[in-house]
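Both of the next two complexes hold subunit A, though its partner changes from subunit B to subunit C.
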Partner chain A sequence: MDILITGLITGSMLALLAIGFSLIFGVARIINIAHTAFYMVAAYGIFYFSIRLGLNPILSMLISVAFVTLIGVLVYKFIIDPIREHEGAVLIATMTLAMFLQEVILQLFTGDFRSIDFMIGGYFTVAGYKIFYQQLLTFGVVLIMLLAIWFLLMKTRLGLAIRSMAEDREVANLMGMNESRLAMITLAISVALAGFTGAVIGPLMVLNPHMWMEPLIIMMAVVVLGGLGSIKGSFIAAFILGFTEALVVFLVPTGAFLKGPVALIIMILVLLMRPEGLFGVAFEEER
Partner chain B sequence: MLLEIDHLMVRYEKAVLINDISLGVDNGELVSLVGPNGAGKSTTLRAITGLVAWEKELKRRSTEGDIFLEGMVTFNGERIDQVPAHEIVRRGLVLCPERRRPFRELTVLENLWAGAYLGKSKTKSEENLNKVYDLFPVLKDRSKQISGTLSGGEQQMLAIGRALMSEPKLLCIDEPSTGLSPLMRQEVFDKIMQLKGMGITILLVEQEVSTVFKMTNRNYVLSSGKIIAQGSGEELLENEIIRKTYLGL
Partner chain C sequence: MKKCTLGWRMLLVACIVMAFSLPAWAAKTIKIGVIGPMQSLEGRDHWAGATMAADEINAAGGVKVGNEKMQIVLIKADSNEDKNITDASNAMERLMTKDKVDFVVGGFRTEAVFPMQDIAMDYKKIFIGCGAATDALCDRVGTDYKRYKYYFRGTPFKSSYLAKTSIMHLLACAAVIKKELNAPIKVALVAEKLAWTEGMVKLIQGYVPKLGMELVGTWQPSANATDVTAELSAIQKSGANIIFTVFSGMVGITFARQAGEFKIPALQVGINVESQKDGFWEATKGMGNYVFTMNTYVQGVEQNELTKPFMDGYKKRFKGTPTYTADTYASIKYNLVPAIEAVGSLDSDKLVAFMEAREYLVPSGKVKYEKNKDGVYTHDLTWGPGYLTSVGCQWQDGKLVGVWPNNWMPDPKNYPNLKITYKGMVPIKLPPWMKKQ
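The block that comes next holds the complex of A and B.
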């Protein structure tokens, strides 16, 4: 039961992170190492606004997501966009950004572990297992978000443009789609998704300035397993890894430390056996 | 003239792809641009639709080598050589690219909607969709199918249909018959004649010279980035040297 709950929550959270990460890679070929750092900043944001300032939790969440998105857009405009066609430079820049955000958090909040109160208390029991209402709430909200992003991508004009751009930038250009504007919008959506994930999952987590690393590794594993650039792949792979993780933690009592290595092993195995992932698109040269 | 290219020059690093060409297409005409492989036909179409300039900008950013692009392109009375690719479409100059390039992961219908991205209204786009379906009934039958699974001929129909969704004044089509069966080729050419009949001006790049010369008003022969001859199909075929050396007939 625990595995089911944890697996579902971790899986859906990973899916949100991985989809955001895939989106901006697909549209602008940006590998954003700072993706989960944005997730961390949003989690700290909700801690700061709701615990330190005593604001309403929902309001804190909205402010955090908006704040993180703003940082993301500014960083993109002034740092990433000018060097975007240099994949290596982008990688280094986003990695530096992640560490920079980590140091800022360390300065502002120290390295102490922090936690955020549950928004709703209480639990109920099913077959002897405790299920907290907070867990249920988080899962529900994340699912709604997944549905919303699916709707955006599959059913709207913007979503069509994003998917077209992800597949063939040049032809998308020929359809009148403005590449740099779409890249900016996609980046904002991607960072907002990371921020949102951090804000909703925050109450179930212990916050610390290094909390971006582990999800980064696992998210990368998800993206590799699902196939870089494939939204559907990210989604399915996220749940596979979410459950694997929960299972590891369940079977090996001290397993929490194994989460990262297990993800890495899966990633390496996939890269060795099926580099394009489950649903990978073997990227065609653009010309 | 609807389209006028004046002293166009394209260089990639030291390689000269287009060496000072000038040509024009008048309203309602079907004009072909023919010539051997690597003559610069696709580059010409890519230059006038803004793709070379776009690539130049990407290269500039990645410092991956330089593209040199010069010359004047006028479309419908306005200069467009400084206009970005995604704006040129809006003005009615549309390219149906080489190798068809449908969005392979999208359905046929989604591809057509992508073509209507700049559509003025939903009703207008739906009208256009019906026109495209009338012209290519196979696209209607397969509207829900993933485009990557279509046959080559169907993909070409899709690529043309997608381009039509943006209501082109001038449609540039790059090698639509390449890689298709003889039967399919004939069908593609029939469709192109239908488009001409509908009043769409067409600039056609093709290898299949003998068929194309029967359809066109005028033709340009390109070789090594230069226009080496122009005229009606008959005129060009009369010239022994052109026929043997450049058209391979």
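The block that comes next holds the complex of A and C.
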């Protein structure tokens, strides 16, 4: 029971991060290494608005998400778009951006550890296992986000355009779709998702300017396991790794620190045995 | 216009005079490198303690070296060692080659202090470690004295003594639980996975059963863990009423906050470096209440006559309580400077010979350097009554208070009347949710 509950909660946190990352890669082939840095900025934003300025936590969350989305759009326009055709350059640029954001946060808030208040305080007990309401909220938000993304992609004209572009960029372009604009919108959605992740997970975390690194590695393990660009794959892989982490902690208590390395080992094994992941497609270089 | 021209000329002349006189001025300084993770509180306290010492000494006229007075100049080196050990080595190398410092104080993470130590030894510069606790750092001095004799431990005392002191704290807490709850003691050991905790974990695992307590399990999360709910769930199921913590990293906040939120019916005792800081209460949103940790300085607690002036001076200048890395203050003011003045030289070899044989007071107790079983100095700090013992402190309703030593009997068999209590101690409190069990 312990493993089941811990796995579900950890998996939902990972899923929320991985879905946004997967979305922008699936649609525009942009590997956004700064994805978790946006989540960090959002978490610090909530800290600043709710703790420093004393604003309402929900309002702080909305402002922070809007703020990181704006940064994301600006980053796309001025950094990613000009070099989009060169995937390696995008990778390096977003990595540099993540480090830049880390340094900005370090200068603004120092390296001291910070915390945000829970949006819903307290906990409840299931079969003797304690669960924070905030963790339940995270789980709920993951489900809502998934439904929202599904609705956006499957039931709206924008979703149709995004899917078309994911299918075949050049044909979508020939059909008159503004590919660059669509990529920008998708990146904005992806960054907003990272922002929401920061908002719901932030209170469960300890804020520090390096908090983007650890989730980045596990998130990439999730995305590789699920299949690059596959949202469904990311969702399932997040829960597989969530349960793996829970198993490590419960079955090998003295090896709890191995949670991260185990995720990396899984990623390496998947890359060796099934490079396209569980639900991914082997992308062709040229179409 | 004429006045202005004259003014500019005077400024130019002053600049030229200053530039030419700089070598002479520079020659009359003692350069001390202060190395630490400057973006973290540990590094900032390295710097704070050192600046306090340097300012006090310089204001009093400087350091008397032979017949001349020298001013202390501090060189800040950001080691970034809590994130990148290579950065730490580079920072130390820069202090040696570019800044050409005479001495170095600081260092925090054992993994980074080892290479820093080697670099300082290569250049035969005295390096006073003010942060890393691993025994091996000073064991090296004893085993290869010729090479490592320039390394001294400034703070804290070594890991095995930290473990020993923590056992005293464990016994003090167990006594309160037995008295108030009349329950058998069950201990859960939770230690972050870092080099400095390895010796402590083994020692505590071996010791706890000998003390008539049950060790229900050992958990080792990462030092940067952001979620320990799984560990806490397992600990609660084990029935532990004491959680023995060995934390220096961020996990100290995560663990204390989540354990407090869940109201885990156990008293946390041991070492939690984050809980030594003023910001702990805010960082845990008040959930760190009743966390007990070993500490060096606690407001209102006095180990000797030097404690209060240091604490007051620090509080006035930096608006807070010093953490143990601020002992760069003691390393400069009570170790380096008196040695330089006594020897009358900056020569490392002459200074080592003088420094290792001294006994002197510092704000946290009294320093005496140890020798190994072969009689070779290890430059490790002596632990025990009359020397350095540290302070046990506990968060009680938003305030960090001193709780140990409070009627501590270090050797009841041989000295049944010897009881040690530092000024400003209060009783240990149990979390109310333990009593409702």
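To be clear about the criterion, the second predicted complex is superposed on the first by the 274 of 287 C-alpha atoms of A that agree within 3 Å, B and C clash if a C-alpha of one lies under 4 Å from a C-alpha of the other, contacts with A are read in each partner's own complex, and residues count from 1 in each chain.
As a convention for this text, a contact is a pair of C-beta atoms (placed from the backbone, for glycine too) under 8 Å apart; a residue touches a chain by one contact, two chains touch by 3 or more.
Note that the structure is predicted; figures quoted are calculated from it, not measured.
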item: Contacts of A:54 with subunit B and subunit C, given as first, second, both or neither; value: neither
item: Touch count on subunit A, higher of subunit B and subunit C; value: C
item: Contacts of A:167 with subunit B and subunit C, given as first, second, both or neither; value: first
item: Which of subunit B and subunit C A:132 touches, first, second, both or neither; value: second
item: Touching partner for A:88 - first (subunit B), second (subunit C), both, neither; value: neither
item: Subunit B versus subunit C as contact partner of A:178, first or second or both or neither; value: first
item: Contacts of A:110 with subunit B and subunit C, given as first, second, both or neither; value: second
item: In the complex with subunit A, residue positions of subunit B that touch it; value: 49-51, 54, 58-59, 61-64, 84-87, 89-90, 94-95, 97, 101, 103-106, 110, 113-115, 117-118, 162, 166
item: Subunit A - residues contacting subunit C, complex; value: 2, 6, 9-10, 106, 110-115, 117-118, 121-123, 128-132, 135, 204-206, 208-211, 214, 245-246, 249-250, 253-257, 259-260
item: Subunit A contact footprint on subunit C (complex, rising order); value: 37, 39-41, 83, 192-193, 217-227, 229-234, 236-237, 250, 253-254, 257, 261-262, 274, 279, 282-285
item: List of subunit A residues in touch with subunit B within their complex; value: 82-86, 157, 160-161, 163-164, 167-168, 170-179, 281
